[in-house]
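The following pair of complexes shares a single chain, chain A, combined with chain B in the former and chain C in the latter.
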Partner chain A sequence: MFEYCANPDSLEGLTWLSCYLTTGKHLSFYTSFGTVLLLLAITAPVALAFGFGGAAMARSKVGPARLFGKSYISIVRGVPDIAFFMFFVIALDQGFEYLRHQAMCPDWDQPIRQGNDFVVCSAAKLPLSTSPQWIHEVYGFFLAVLTFAIVFGAFAANVIFGAMNSVPKAQIETAWAYGMTTRQTFWRIIVPQMWVYALPGLSNLWMVLIKATPLLFLLGVEDIVYWARELGGTKHARFTDYPHGDWRMWYFLALLVFYLAFTKVSEVVLDKLMKRLSLGQATAGGEALRRAAQ
Partner chain B sequence: MSCMQTISDYGLRSIGIGERLLPTSDFTLCQQFTLIGSGMIWNIYFGVLALLAGFFLATAVALGKASANAWVRKPSQWFVFLFRGSPLFIQFFFAYFLFLTLRSEIAFFEPFTAAWLGATIVLFLNTSAYAGEIFYGALQSVPKGDTEAADAYGFSGFTKFRKITWPTMMRLAWPAYTNEAIFLFHATTLVFFSGFPAWKQQGDALYYASYFADKTFNPFIPYPILAGYFILLTLIVIGLFSLINRRLNRHLPQLSRPKIRYRPKLFR
Partner chain C sequence: MKRLLGTAFALTLSSGVAFADTVRLGTEGAYAPWNFLNDNGEVAGFERDLGDELCKRAAVDCEWVTNDWDSIIPNLVSGNYDAIIAGMSITEDREKVIDFTQNYTPPDPSSYLALSADVDLAGAVVAAQATTIQAAFVAGQGWTVVEFATPEESVAAVRNGEADAVLADKSFLDPFVGQDGLVMLSRMEQIGGGVGMGFRKSDTELRAKFDKAIQSMKDDGSLNELIAKWDVATQF
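And now, the complex of A and B:
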């Protein structure tokens, strides 16, 4: 990257380090931090939407919708953690391929599950074997986001369901007294007021979501864990300009610090947000703010 | 091959007793049940050991966090933040590579790179931090009247802590601590997926479940089996902890006894 990096053998000390830390592979490593942030940026709203949908369904008056919402929440929450991730990535992949197979190759006569193999016609493969590498990567990332959203959506649904039930009954009865329909009550009274009750649970979930991001590695995405293992391993002078011993410990120390810093920043921001949302609410937090202002 | 034969071959496979080779084709349901169940030995081993040892450190951390002495309080706070603020996954990786580096310097660290010791240490520290935070919260909620009454009766120092503060702290913390125990058991599935290698294919339940899922390309059998085992384990943990909960609350009237509720939280 820098001019003086042209001949790595002659470098020493800090200059060596500055050249080492800006090699092409290291730049990929830094980009993978972006991958993690991108995953969080996409997953959080999608999971929130899943959670909102799940909660709305769970308190629906229509029987099947309520059953679906409630079972979505309780099944995902009841099953142990990473098993769900391992399961969903394969299951979703096979599910998509199966659907495409049914749509695209109706005259295929062999069974799809042949012993230990899952066989669909080549036109139904996802992604197509002819597509470029980046499509494969984007597809893997997409599967990861969907899995995260399904799992965290259920947790968010549970939080939002509880929050919707915590909106004071008097507020809802007042809405009815003013002649609002169920739908109007939902959108104009419950939804605006539930956030302050949902925020402690949702911020907890956000912290958990941050700590779940290393699982991307298990889902086959080239994330920070992948690069830390890749770059930290012993490098011999024959294969690289920057030989070093086993430095994986230091790379993972850096990741540890990254996560701690991220957690700390989130804590501070969420605290501020909670203060903002509590303003003027009929809760203990809102009362404390009112007292402080006087 | 009958199912009994399979069980005697693979029932203790995860700790190296029985058949050396894992089945490679024509997997039966019995094989999957047996091997995944055999892997549960490791999950229970990690969970029980970390939980037992962690209980004591957690109490110490809680007291440390509540201490007036900054030299004790600050390290406790940092300990809790360090282990609660970072993913367990990264902690495993870091610990494994740390032990690897130490081993190349000092031979004493040889066993630390193996899962049975290294992973147990990480889980022990991790659960101590989580449980320490729970105990700290409970310690802060010990009713003032209890400690004042203890003072009035002439309790002081360690006797006061042992007879008054600690039992109430335990009683208040117990429902949350039960959930912590359940998650610790769930977290043991991470051991062989992060850093610590499975030696001679002796892995935990998830290790075998993913082995079958990879070989058969069919996740719909091994993972539900794994989930079933964990639901069973969760029920056992809740049962045992409820017994202790009942004993801790035996002086309270029936209705005001706190109930243990399963509150899943996923990941650490």
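And now, the complex of A and C:
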């Protein structure tokens, strides 16, 4: 990166370090922090939407919708995360490819499953094998977001379902007494008030989600833990300009600091949000705020 | 989400002009000198040079992809890339699931690395990378084996005393000799049938292309030159 890095053997101390820390590989490492943050930024709202939808369905008056919502919550919560992640990469990907295959190659006469092999026509491949690597990466990232959203959505749905049921009955009955329809009661009374009950559970989920991102590599996305392990591994002088021993501990130490700082920031933000949501609520937190204001 | 899906579809559709000629090569990228990531984060090593030359001779465009060793076969079989070129030894068990080309390095002995030269292997804990011929060999001997996801971790286990020795390809262990007091045992194990490229069983045509390219490199001696350049194995 810097001009003086042309001959790393002659460098020492901080100059060496500045060159070492700006190799192409390290830049990929720094970029992967962005990948993880982007994944969280996209996954959190999507999972929340899944959770909201799941919870709304689970308490629906329509039988099939209720059944769907309830089984989504219990099945996904019951299956180990790692099994889901292993399953979803392959199953979702093959599902998409199977649909495209049916649509695009109607005159294909060979079976799709040949022994262990999953074979679709090359036009149905997702992404096409001719696509540049970044499209493959974007696709992997998209699969990752979808998988995370489905898994964490189920947990969020359970939290929100409980929160919706925690809104005091008296409030709902009052709404009815004022002549509100079920829909109006849901959107005007239940939804605005349930967040304060949902937030402790949701903030837990957020913390777990932050630390679940190393599962990304199962989905082919190179995340910070992958790069830390790769960069920290022993490098022999024959294969690199910057040979070193097993430095994984230092890289993982950096990750530790990152994760601690990130969870700390999250805690501060969530605390603020909790205060804001408690305002005017008939809960202990709301009561405390009211007294403090007097 | 819908829009994301839409763009992903549009992208893949619009780029679908000439297919079938790009071959995606899957490798591990953590097994120097066979395959590793260089300072720029690109795949490098013996198999990078070999793969590029083979693609040239087979007249196909190649793209390099890295994948965890653990899931390298399942991802080939489900079509995420088209070939494995990752220092993978040809074994009967693997041949039940995928097909190999002829070997591009001869069958070579695997070596042990330990902190002292007089380790009694029968009573020792031996580290190896999971799902390798070395791990299978140690388990087959009835010794205690501990498996690690990456080769790096299997060497680290010896350094920190978790294991008494590590069994791996000699060329991978060679550069570690002398570091932190690691020594190579004189005992070696003749296991595996040489290293080859792995393909899906249904992909016979592509496999034949690469098989032919390997043969041509064996015939004109350029394969031996590459082996010597990277010092990965004995020559043909």
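In this section, the second predicted complex is superposed on the first by the 290 of 294 C-alpha atoms of A that agree within 3 Å, B and C clash if a C-alpha of one lies under 4 Å from a C-alpha of the other, contacts with A are read in each partner's own complex, and residues count from 1 in each chain.
We adopt the following convention: a contact is a pair of C-beta atoms (placed from the backbone, for glycine too) under 8 Å apart; a residue touches a chain by one contact, two chains touch by 3 or more.
If you're wondering where the values come from, they're calculated on a predicted model, not measured in any experiment.
Visitor: Specify the outcome, clash or fit, for chain B and chain C once both structures are aligned onto chain A.
Guide: They clash.
Visitor: Looking at A:Leu260 after the superposition, I want to know if it touches chain B, chain C, both of them or none. Which is it: first, second, both, neither?
Guide: The answer is first: A:Leu260 touches chain B but not chain C.
Visitor: Go through the superposed model and pick first if A:Asp246 touches only chain B, second if only chain C, both, or neither.
Guide: After superposing on A, A:Asp246 lies in contact with both chain B and chain C.
Visitor: Applying the document's definition of touch, where does A:Leu279 land relative to chain B and chain C: first, second, both, or neither?
Guide: neither
Visitor: What is the contact status of A:Thr23 with respect to chain B (first) and chain C (second): first, second, both, or neither?
Guide: second
Visitor: So, A:Val151: does it touch chain B (first), chain C (second), both, or neither?
Guide: So A:Val151 only meets chain B here.
Visitor: With the two complexes superposed on chain A, say which partner A:His236 touches: chain B (first), chain C (second), both, or neither.
Guide: The second partner, chain C, only.
Visitor: Scan A:Ile90 for contacts with chain B and chain C and give back first, second, both or neither.
Guide: After superposing on A, A:Ile90 lies in contact with both chain B and chain C.
Visitor: Applying the touch criterion given at the start, work out whether A:Ala288 contacts chain B, chain C, both or neither, answering first, second, both or neither.
Guide: neither
Visitor: After superposing on chain A, which stretch of chain B overlaps chain C: 61-69, 97-105 or 223-231?
Guide: Residues of chain B that clash with chain C lie in 97-105.
Visitor: What residues on chain A does chain C touch that chain B touches too?
Guide: Touching chain B in the first complex and chain C in the second, residues 90, 94, 116-118, 217-218, 229, 246, 248 of chain A appear in both lists.
Visitor: How about chain A: which of its residues touch chain C in the complex?
Guide: Touch list, chain A to chain C: 23-25, 27-28, 46, 90, 93-94, 97, 114-120, 122-123, 125-133, 135-136, 138-139, 142, 145-146, 217-218, 220, 222, 229-230, 233-234, 236, 238-242, 245-246, 248.
Visitor: Using the touch rule from the top, collect the residues of chain B that touch chain A in their complex.
Guide: For chain B paired with chain A, touching residues are 25, 81-82, 85-91, 93-94, 97-98, 100-101, 104, 186-187, 189-190, 193, 206, 209-210, 213, 215-220, 223, 226-227, 230-231, 264-268.
Visitor: Which part of chain C faces chain A closely enough to touch in the complex?
Guide: 1, 4-5, 8, 11-12, 15-24, 29-30, 32-33, 36-42, 44-45, 63, 65-68, 71, 74-75, 77-80, 82, 97-98, 150, 152, 155-156, 159, 175-176, 179-180, 200-203
Visitor: Which positions of chain A touch chain B when the two form their complex?
Guide: 77-83, 86-87, 90-91, 94, 113, 116-118, 151, 155, 204, 208, 210-215, 217-218, 225, 228-229, 232, 246, 248-249, 252-253, 255-256, 259-260, 263-264
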